[in-house]
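Paired with chain B in one complex and with chain C in the other, chain A is shared by the two complexes that follow.
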Partner chain A sequence: MMADDLFAPEAAIDIRGVTRRFGDRAALDGVSLTVPCGAVFGLVGANGAGKTTLIRHVLGLLRAASGSVRVFGLDPVADPAGVLGRVGYLAEENDLPGWMRVDELLRYTRAFYPNWDDAYAAELSRAFALEPAARIKNLSKGQKARAGLVAALAHRPELLVLDEPSSGLDPIVRRDILGAIIHTIAEEGRTVLFSSHLLDEVERVSDHVAMIDRGRVVFSGDLDEVKEMHRRLTLRFEVPRPAPPALAGALAWEGSGREWTAVCAGRPAEFQRAAEACGARIVEERVPSLDEIFVAQVGTHCPVRGED
Partner chain B sequence: MDIHLANDGVPIYLQIVNQVKYLVASGRLAAGEELPPIRALAERLLVNPNTVARAYRELELYGVVSKRRTAGTYVSGAGSPLARRERVKILSERIDALLAEASQLDVATEEVIDLLRRRAEVMQPRSREE
Partner chain C sequence: MRSPALALAWQLWRPHRWGFCAIGAGLAVLATLCRILPAASSKSLGPLTGLLVFWALIYLLSVFVYSDLSPGAKHAGFPARMFTLPVRTSVLVAWPMFYGMATVALLWLAAAWLVLVPCGLSPAHGWWPALLCAACVACFQAIAWTLVGSPLARLVVAVLVLPGWVLAGVHSAFFTSLNGLVTGLVGAIAASYVVAVAGVGRDRRGGTPLVVWLLRRLDGIMSRLPRRRSSFPSSARAQLWCEWREKGLVLPLLLGCFMLVLLLSIPATEFDALLLLRVLAAVLVLPLVLASFVGFGMGKTSFWAKDLGLSPFAATRPLSSGTLALAKLRTAALSAAAGWAVMLLLTVLWVVLSGSWGQVAKWWGLFCQGRGAVEIWAVVPLALVGAIGQTWAQLAAGLSTALTGRAWVVNGVTLLSLVVVAALTTAGVWTASHPDFLDTLVGVLWGVAAVALPAKLLAAWSVVRALLRQRLLEATVVAGLLGVWVVTAGCLVGLNYLLIPDAVAPIHLLAAGIVLGLPLVRPLAAPLALAWNRHR
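Presenting the complex of A and B:
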């Protein structure tokens, strides 16, 4: 392993070998990943996979028991002011103080950020139709998310961190949030880290993606490269089969009789040979969606059962 | 410019490329017409601006659009070989689907061609009115 001080200089976030246990359960198990500056980084995984725990380490809310976390080269636990001043954060469970009014929340948040932009906060509030005098606790879930978003964006953070921002929200609020992400990255050099289980959203907005399953990184990298490493293949056999064949790289199967479809990971050039080796020809081949990759990688932890 | 993104595994930049080509080939984007700015289209489609930029680069490579010095991306002149090739390609895909279905229904290709002629005759008066 490399020394802690050798973080990549262009990395907004650099996580190395982080392990975190809650009781005897490993919430994070040797997690390493790098979020390049200017990336829109999508963190995907099932509920309880470790996404929120990882984000809490990035924000310095949890100290890495082993391994290291660096944000802009700084340790978020040792230097919270240096890190959090450059970060905007929106949590899934909106933890805004319910007794505050919207304008009080923004004034309160403003005090933490020297770069706070009043004009931008007002512009966003108008765009989101936020009532300044409304109490937070009386807002709808969608308006709460929008208030949280204004508080996270108005200091024009270098890094925007969103934990399940779309969870449980209607499509109109989701549009606002995705629009805010796109707006943020369209401004030069800003970085976004967001977790989501809405994989079509991740696929639309991200250029980098990491998939976490039970505390481990399944893959992490450029979205196009991740997709290129996967194929959805339909194989046709001469004779009907009761169960899918053993094919190198196949993650999950569905089908019956002569046609079986698999999502495969590995080198696409080798799939052809693998298919021939088990007596089949490929009748359809395409790059799967992130959703299909996710389901194949972590959807079921037991093999597909053949029909008997 | 009307673009619909599907979540069917086709890379998003490629969906944009294909649909712009289709819009140009079908005349819904005219020669000289300006495409929306990258950022505006990204915010409308809710996709990463780099994805739109990549689609525009590919379209420029194919000669479907060209950048002007004053910034902005415009549809290239009509009648380019590509527009013709694209039209043929769009029709070929439909024909392939038709032939596959005909073969499944046990209808010979000659019969399909006859049927096409007959349908063209039926459609003729209406297209003349337009």
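Presenting the complex of A and C:
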């Protein structure tokens, strides 16, 4: 199947206006997203925000009710073999067949990918201390994740899709997964899309990030630019305040009395003027972490709209 | 809800309430018919009631043996999540066991009091089957919670034990006193309870069942044996290997278990010509009946999965939906052939060991009288190809239904099949007691065939068009599937032509029945069903 000319050739994934409802609930609501080739794209959001639904659309496991999904210019529903042959996938709910032995899993998986690299598979298996004769169902959760990772990586996929790969795993397995992502980045032209709750991981390896909340994309773009568009401001007031003020761009507040701290979105140059307008001075200003931005965007501690 | 007994009852009731209601509604309909129909006609309700009770019993067994059956689960006995409840093991076991026994006993009593006794189909004192059903449930629960750790081993034990219970019931009813029967059944219930408490208590303490321990040791030995390391020649072959290893052996294994029961029954049974004929008929019918059920399991990602949806691992194989479905259809063909091989080999062994060879040879001689050599020897290949083809079609129809991934489709097809079987059975029984109805029945059947045959062929044509339009299968592969169906149908028609005299049943009527009864649309639609499930 020919790649669709309407979609940008430099995009590994191009999602346009995808909407998906499960009953009355909109799991995705007009989502548009572009994952450039060679990017490490982190997908963050609260539980039930729509991350897994979006990834399932990318893999063609869900059909977009409206809008379109293209992976390397191909429709993953119309041409699943064409798309999935170029993708390595590791899911949170590791559903590898429990009856297979590790070596059987690798022998079976190898048959689907012409680019399968036996030497790399052996190297990864050794590094992860995978016992070839062990049955998958008898492996620990971490070892199962490692076996899945070997199967996802050994054919050197052009796109690696990881859906909450580190969820519930110990730090050593998480390190292995991050190492695999970094290794994949090091190889020219490979793209990684991964969703995670562990925002320090996302911040560590991603160069692009998108946040989804209740089926909508809150923001998406270069990680540095996203962080640059946010500020964590500590404001001091002359008199104690029972509630935070109304500050343009403030996403979330915490504090009490004279000192209040806000995570704000907008142009940093405008924050000083806005603070003065509400009778406060900025005593501390810094770029927030992705974790702070996430909490501010999704889980506000105080009402965003304060007193006038 | 402050009592553990009520909480456990609610846990069993809530997810299965519609199933319980369906059984109750079925009994209510039969009871109403029993009162509406004239006395002579109400006897035809017997097979229908038997069918309902049989299905309900199977369903209730699956409900009350409520074990964790998740694919790949390390634990497959009593639900491990319940071990942390602040309830003694004896209580944890007693209530589900009591509810199971009470429900199946009530099922039988309701069927007897509402339908069988009023219709004159069962003596008023025939309450002992209720106790037999209750003991059967308790025995199954004890097996499921104690003796076996793998779903397959459990199914094998169930297949071995169920005929044993039927035999026990039949023999007890006709050959021993009622008191002896009751004592034996109560003893079986008590023993089941003690065994189940011991088994659940051991699981609760983190112990390993003996069978699981043995299986692990066996697996350890197997892991040291040399395994194939060469690559698969193609991805389609790899998928076929995966499907076969996962589901291919279920049908042959179940058939082998049935034949094992038959072989073990040789010393205890005297086989006269009639019993021999019945056993051989059962041997012929069983693969076809079992194939319908096993097919549903083959359509799922894992045979034991409760979820009908494709797992992400299976759905993300870089193959087209047509290739994935073909691997399943090929596995079904291998499974059908292996099943019949097991069945034929063990049947020959059984015939020899049971001393029935002479009787079978006599029947064969009778069959050969007045027939030419070609006609005689054509029967064997026709029967073999027809049987394997029909079994494959049954498996493929079941797997195609389950492949849709929609419970409402599976339930709908099951319900429709039950209605058709019940209607045909009732019509057959009615006609047996009212021979003058035969002409009317044949007329009705022709009428149904006149509508159903074109509808079936039209549906098949639509499916073929969709397969080709969506490029799920190559035209040659579709032609191959159609060819398998035509050859199977041809063999079955030829076999019926050779075996059944035209005076008993005209060949054109049999041919119409075969064309209607041999699944065509669902096997063809397997790739469409898989694509529907894969891209939701």
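Convention: the second predicted complex is superposed on the first by the 295 of 308 C-alpha atoms of A that agree within 3 Å, B and C clash if a C-alpha of one lies under 4 Å from a C-alpha of the other, contacts with A are read in each partner's own complex, and residues count from 1 in each chain.
One rule holds in what follows: a contact is a pair of C-beta atoms (placed from the backbone, for glycine too) under 8 Å apart; a residue touches a chain by one contact, two chains touch by 3 or more.
All values reported here derive from a predicted model rather than from experimental measurement.
Superimposing the complexes on chain A yields a three-chain arrangement in which chain B and chain C fit side by side. Contacts of A:R258 after superposition on the shared chain: neither chain B nor chain C is touched. Touched residues of chain A, counted separately for chain B and chain C, are more numerous for C.
Legend: residue contacts after superposition of the two complexes on their common chain; A:R216 is shown touching neither chain B nor chain C. Contacts of A:R156 after superposition on the shared chain: neither chain B nor chain C is touched. In the superposition on chain A, A:R236 makes contact with neither chain B nor chain C.
In the superposition on chain A, contact is made by A:H183 with chain B only, not with chain C.
The angle formed at chain A by the C-alpha centres of chain B and chain C is 140 degrees to the nearest 10. When the two structures are aligned on the shared chain, A:R286 is found in touch with chain B, with no touch to chain C.
By the touch criterion stated above, A:A91 is placed in contact with chain C alone, chain B being left untouched. In the overlay built on the shared chain, the residue A:P80 is in contact with chain C alone; chain B does not reach it. After superposing the two complexes on their shared chain, the closest approach between C-alpha atoms of chain B and chain C is 28 Å.
Touching of chain A by both chain B and chain C, each in its own complex, is seen for no residue at all.
In the complex of the two chains, the chain B residues touching chain A come out as 5, 7-12, 39, 42-43, 45-51.
In the complex of the two chains, the chain A residues touching chain C come out as 56, 59-63, 77, 80-81, 83-85, 87, 89, 91, 93, 95-99, 101, 103-104, 107-108, 110-113, 133-138. In the complex of the two chains, the chain C residues touching chain A come out as 71-74, 219, 223-224, 227-229, 231-232, 234-235, 237-238, 241-242, 245-246, 301-302, 311-313, 315-321, 323, 534-536.
Of all residues in chain A, only 40, 175, 178-179, 182-183, 185-186, 200-201, 203-207, 224, 227, 232, 286-289, 291-292 touch chain B in the complex they form.
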